[in-house]
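Written out below as structure tokens is the structure these notes cover.
Order of writing sets the labels: A, B, C and D. Residues in every chain begin at 1.
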Amino acid sequence: MITALSPLQVFADKSDDTLVAAFSRELTQLDYHYGTKTEFLILGDMIDSGLFYVKREDLSYAPDIASDFKIIDDKTIDINLRKNAKFHDGSEVTADDVVYTYNFIVKNEKNRRSKKIKGWMESIEKTGKHSIRFKSKYPYANLFNDLYRIKIRKNGIMGTEGNWNDSAQLNTLNGTGPYKVVSFDPGVEVVLERNEDYYGGPKGMPAIKNVIIRSIPDMGTQQAELMSGGIHWMYNVKKDIGEAMAKTGKADYQLGPSLRVGFLVLDAGGYSGEGNPITKLEVRRAMNHAINRDSIAKNLIGGPAKAVHTACNPVVFGCFQDVRKYEYNPEGAKKLLAKAGYPNGFDLDLWSYRDKEAAQAMAEDLGKVGIKVNLKHGKLSALNKARKNREIRAYFGTWGSTASPDTATISNIHWRDPAKGDRNLSGDPKVNELMLGAEKTLDIDKRKSLYAEGLKLIAEQAYWVPLWSYSEGVLSSKSINFKQDPDGYPRLWNITWK
Amino acid sequence: MLRFVAGRLIVVLSVGITLSIVTFFLLNYVIDPAQAIAGEEALFEEIEQIREQYGFDRSITVRYFEWVSGIFKGDLGVSYYWNKPVISLLIDRAPETITLALMSVSVTILIAIPLGILAALNPNSLIDRLALGIAVTAQAVPNFWLGLIMILIFALAIPIFPVSGDKTLFHFVLPSIVLGASSVPAVMRLMRTGLLDVINADFIRTARSSGFYGWRLIFNHALRNALLPVVSVLAVQLGNKFGGSVITESVFAINGLGRLALESILGADIPTVQILVFVFAIIFLFFNLMADILNAYLDPRLRL
Amino acid sequence: MIFKIFLKRLFPRSFDNDIYSLPPKDLIIRKSSNHAGFKFGLTLLLIIFLFAIFGPIILDVSPYEQDLTKRLLPPVWKDGGSWEYIFGTDGNGRDYFARILYGTRISLTIGFGAACVGMIIGVTLGVCAGYFGGWVDQIVSYLLTCQLALPGLLLAMTIVFLIGPSITVVIFVIGATHWAFFLVVSRSATQRIKNLDYVTAANAIGASKFQIITRDIIPNTVSQIIVIFTLEVGIAILNEASLSFLGVGIQPPTPSWGLLIAEGKEAIFFQPWLIILPGIALFILVVSINMMGDGLRDITDPNSKVSDK
Amino acid sequence: MNELLKIDNLNISFQSSGSDLKTLKDFSINLKERESLGIVGESGSGKTLSMLALTRLLPKQARITSGSIIFRNKILNNLLNKNFYKEISGNKISMIFQEPMTALNPVHTIGKQLLDTYLYHNDVSFEKGVLRALEILDAVQLSKNKQRMEQYPHQLSGGQRQRVMIALALINNPDLLIADEPTTALDVTVQKEIIQLISKLRETIGMALIFISHDLGVVSQISDNIIVMKDGEIVEKGSTSKVLNKPEHIYTQKLLNCLHKLENDQKKEKLKNSPIISARDISKVYKLPAKIFKKPEIIHAVKNVSFDVKTGETLAIVGESGSGKSTVAKIINGLIVKDNGEVKIKGQDVEDISLSRRAKLIQPVFQDPYSTLNPIHTIGYIISRPLVINDNLSNHNIKTKVIEILELVGLSEEYYNRFPNQLSGGQRQRVAIARAIILKPQILICDEPTSALDVTIQSQILDLLNDLKQKLKITIILISHDISVVKYFSDRIIVMYNGQIVETGNSEDIINNPKETYTKKLMSSVFSLKQKNQILRDNFT
């Protein structure tokens, strides 16, 4: 809201212990259970806690509201809760709250996460004031990730069965995280204050008292704000801008690793109709050979970004690397195309919605071997619709796997049974069987071997063109310490003043 | 008067209905609402479930009438994207856009009208050429470009104004200049040619033959006549600012209706977008009607 | 200038050798050759046209050829710039000069294409409404109100969503949302002309409605429509830039100026030439068109000045 | 009497592209107190310009190159603007103009405009100003003067507005009133009233008057002395009777000839032919759309009009503006669809006749020479178009025919490739007539064919029409407000008022023995050179 005319700008700063961070995409509500974007996860981790958490140091799962756990068998897990965890309203977190939260998620079909949890969860029961037991329908490999992503709600706060109130926590939030919400203006900013009663846990106690997260859609405006001292922190900053900004001496730039990978999804299964050259293996292999991954990763993205040959980021669990590798070889690509019956190449609509520079670079590379690309770069919803209507022969996708270092995160959605999702265009039931089968066991070696087999098959048949891993660029003002984590996920609560 | 307003209200209403049909059908055809609600990672069955749950499986005509009857009951629907009733979004965002619209029209008035008067009084002089230059420039510079350049100059190089945001009226100065500049050419040209026409009119010759001259002649006898069309154009411009603030609000991170519209479109949020299109249309029609009434009120020839 | 008309009325005979005794076309040519703004705008526009058509052929540069090792090189007048890339390179290592040069073609195509679409819609509707009046006029004004009331940018975004972006789509979307001026002007001109005696006379000599519209009415609205046309070309070019800026216009890698500005937007503080150069190109093109339009308005206005240099 | 105004060798030039064009040459007049001077000339003669120089209303590009203006022994040329406007303009010298519809500010009330002018020149209280305004409104014989003060110009009729203009000019009791064609835009009946009023007020206030007009008849009624101007020069100067009776300059003689010609009665034939057109009970209603504060208006342009036109005759329809005479003409021609009644041409309903046959039966000629020809077509194209549309002729034959017709209307072959803007008003009217007669129609409807033309041209066009009538044996319907033209030209007259026929009869009967009141009023408002000083007589009886 607008207040009076004040000619002097009052900047939040170290003096009043207030950090201002900027997001490009707007925060529309506070409850993580109703959002999917990375921004919601960052905010969720600041104001909420799940049973588990991904440690920044080694990307392993650590108990958060849980204090310890015990795997009883491959379908049963016992979890003890912290005794010192409290909601922002001061009440203690008990097993009742946890049971309520999971019941709410599973039984409230309107909730986005309902299906996912219901897919594996057989039951949750209270075994003591601070202990619970999960039973799953089958050995579920990605359990800890789900336990991390479900944030604990106070018993009864979301209504009761049959009378769920989905909007209860959208605009005010009674969470358990290191920060409390002071005020929230959707799409504009959220003002946070340190939760002095926070139990610490793997996130640790935050050093800065007040945090304001502003939504500033324009990256140029964000840079201007950073230079003029209006904000302290921004992310998703490209190499060139970050480096140039660092040169001015007004900000620090870090270009660190990210779990995000880029890839081309190819309609090998011929879902998009007749006469699709991509259904031919030689053509798909030719496309794999045609793109100069190394050059694009090094020159366009920079930092730790590298060419990737698997349908997952090499650093995550289960991402088997010893698969067929397609080196950059335009001549070979041309030969393969000729062999497939396209000596003069063909026309291809390539859809994309993100990373315009890389999409153009790729289109140019494909053009050099004869595949005349008509780039259809647009909004995600347009791509979603076209994909749903089976109009897409190839699209350029990326997957962030934010704070989930497991191949399951990317493979679960991309290799689904084609009857349940529209992204698996391989037309090969074997891929689905292998890649999703790996989620249904807790046996690490078995999972690894299933992924290995699946990833080898994907590479051999060139169902995708795996492209590269991304880097995450962050600009931070000179007055703060921000250290980038190996997964590129910004943990804002760890920022300290210099 | 009543008859006229009633007639115009019928036009407003029927145009509103037409536009609501067009936008409703267009949006529901372009965007799959079930997919939009379900999100990126949804399974097919989830999408189908949502489709049933929200009734998207019924024919689009049925849903349209449901939507319209909801509006008549005061229920504008709930945004999928913002998880809020659309009406509360409108209430939240309207003040910023109203402020921006009013301030930008003020900027237009402050620049265009004096410049137009000076240019008309000194045709082909330096000031006339300067005014024409400003008009041609303002016409040829895209809004988003001007916005970025303004930030570059007046927020960074010479830090007078804040870069972005909408906390205080001070935040609105740069965006108002950017948005207001786009109306300057039209208003200034109208002021100039209007005053030139008036100065050459027979009744000014009468006034001169009665002994009036100089500024007294202009202010007492010419200005009111020349301002009449300008006032109604300004009212129309004010109406345009509501729908036209999309880019400016996005560049300056002002949380108004324009930015809401942009974000809702990108977020495939059908309920918000269709209400916004409707609201922008009604605002435009309303200000047009106001312009006509104002003009008729100010111009005795249209009164009776 | 008005006084010439005044003079002409005062002394018809002493003006026998004056340009008023020239045929209309020669009169327009004479008037335009004396209008500095028009001449400037037209010359500039012609130069831009020549550049757009022949520049890429003669200079043999490609706007698409990328070299990722030569990204974001500065223009020649900056430190580190070279004559190889006069305007430097963009984020994909493509020659920025070539891209801006090709962008001229895009902008001109879209500007003139969209204005043509708008003109065909607007003039057809306007002439019909003006000539036939009655219920035709009412339906047309209803359509006009609908068009004016629709937030054009939002509509354009939605339609581009719907059909998918391409140059043709952008031309038709911009054209389909910009016919109001054409309609209003051609309608009022038609209403005025249809009551003039020569139209009544044409009716009296047995000319059909179609003949009257095509022979008597439309030719006499041409001068006003051309003025609107130039105005709309400028508006369409800016509109395309706005749409491309918002990401719903021309597709990359096609070098539209709006897209170039959008792509360079993030780098405004460090590689400002990425937005300043296409911004200036856009500015020069639109200014030249507008100056030509302003000139045309003066030239075709019967009360306009004649020979002042 | 003392000398009031003396203009000596006034020269005015227009600056154009570096060269100066002399537009007023050695203009000199002497005006005594209370004298009334008429200035007569056609458009472009410089008659208005000389007075604009006096009141400092010249266009920006016009410049006084030499000469002096002396008013009450004061040289006005060198007076500062400030002093001139404050002391002279609107105070000692006032001016009224031709167009009463636009000469008053539409957004201010009559009262405000009067008060502004009075209080600006006189240091008196507001109340006194109001009294003076009411007084002067009364003096210009504007009824309900208190109500008028609150009204806006658009609420008054043309004649009332001209009265307000006069009030505005006279509110400061000037010594000199300049009236620039003050009655030209008014209907003939109103015209007379205004001239009587000016004449009377001149007497009561005791001011001098300069009356500018193109109409020698009008000027002769009100002036003691007359100046005749042509091409920026004074060609004749003298007392009214001398100028009228013993003109020296050839131009004055020509001017008078034209007027006399119109006044001389022609031999009229009384035809007993069968009617070629019969109109029965024709009516036409126009609906004006609703405006913001106005209800939709319905105007009965023509109400139950019936008449016959006999083969070979010239029928005149006379009336003031708004009488419906032009609508009747267009209905007869089939150019407007009537609401009621029927029009038969040669026994066939005009609306059932095919376009092509109608074109060969009946053709119109219009008033305004500037809009009658499509500016983008050549004269050849315009005249040949009826042939192209209606006859199957070879291009060569068409061209031959067009050139024949051009010669018939008095234009040479060289006009064939010219454009309308290259022609004078009279020439354009000739082209319009050529277009109308090229299909050899049996009826020609001439709607005010000469009223936009200068007097000398006017008589040429009338002669041409007369000539064509003899040669081609066509029936002519003449629409006019000008009684002298009608009298000169027509066999029979229909008088229309407010959409209805008031009186019908042979032209001599109507002109000499009008029966209806309206017709009498119309006929008496004609200024004739023979009825000198009729107005002044009216004033004092």
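Throughout what follows, contacts are C-beta pairs under 8 Å (C-beta built on N, C-alpha and C of every residue); 3 or more make two chains touch, one makes a residue touch a chain.
In this text the structure is predicted, and so the values were computed from the model without any measurement.
K.L.:
So, what's the distance in Å between the C-alpha centres of chain C and chain B?
P.N.:
Centre separation, chain B to chain C: 23 Å.
K.L.:
Using the average of all C-alpha atoms in each chain as its centre, how far is it in Å between chain A and chain B?
P.N.:
38
K.L.:
I'd like the Å distance between the centres of chain B and chain D, where a centre is the mean of that chain's Cα atoms.
P.N.:
So the centre of chain B lies 49 Å away from the centre of chain D.
K.L.:
Any idea how many Å lie between the Cα centroids of chain A and chain D?
P.N.:
85
K.L.:
At least two other chains touched by the same residue of chain A: list those residues.
P.N.:
Correct list: 218, 220, 224, 227, 379, 381.
K.L.:
Of all residues in chain B, which are in touch with two or more distinct other chains?
P.N.:
Residues 30-31, 148, 152, 156, 262 of chain B each touch two or more of the other chains.
K.L.:
May I ask you to sort the chain touch graph into line, ring, star, complete or other?
P.N.:
Other.
K.L.:
Hey, which chains are touching each other here?
P.N.:
Every pair of chains meeting the touch criterion: A-B, A-C, B-C, B-D, C-D.
K.L.:
State the interface residues of chain C toward chain B in the complex, per the touch definition above.
P.N.:
Contacts found on chain C: 2, 142, 145-146, 148-155, 157-159, 161-162, 234, 238, 241-242, 245-246, 258, 261, 265, 268-269, 272, 275, 279, 282-283, 286-287, 290-291, 294.
K.L.:
What does chain B use to touch chain C in their complex?
P.N.:
Contacts found on chain B: 11, 14-15, 18-19, 22-23, 26-27, 29-31, 132, 136-137, 139-145, 148-149, 152, 156, 200, 243-244, 246-247, 261-262, 265, 273, 276-277, 280-282, 284-285, 288.
K.L.:
Okay, in this complex, where on chain A does chain B touch?
P.N.:
That would be residues 1-7, 9, 26, 28-29, 34, 36, 109-110, 112, 115, 166-167, 170-171, 185-188, 214-218, 220-221, 224-225, 227-228, 230, 379-381, 384-385, 388, 413, 416, 419-422 of chain A.
K.L.:
Which bits of chain A are touching chain C when the two form their complex?
P.N.:
So the residues of chain A touching chain C come out as 218-220, 223-224, 227, 238, 240-241, 244-245, 292, 295-296, 298-300, 356-357, 359-361, 363-364, 367, 374-379, 381-382, 386.
K.L.:
If we count contacts the way the header does, which residues on chain C are in touch with chain D in the complex?
P.N.:
Listed in rising order, the residues of chain C that touch chain D are 1-4, 6-7, 9-14, 20-24, 27, 196-198, 200-208, 211, 215-216, 219-220, 307-309.
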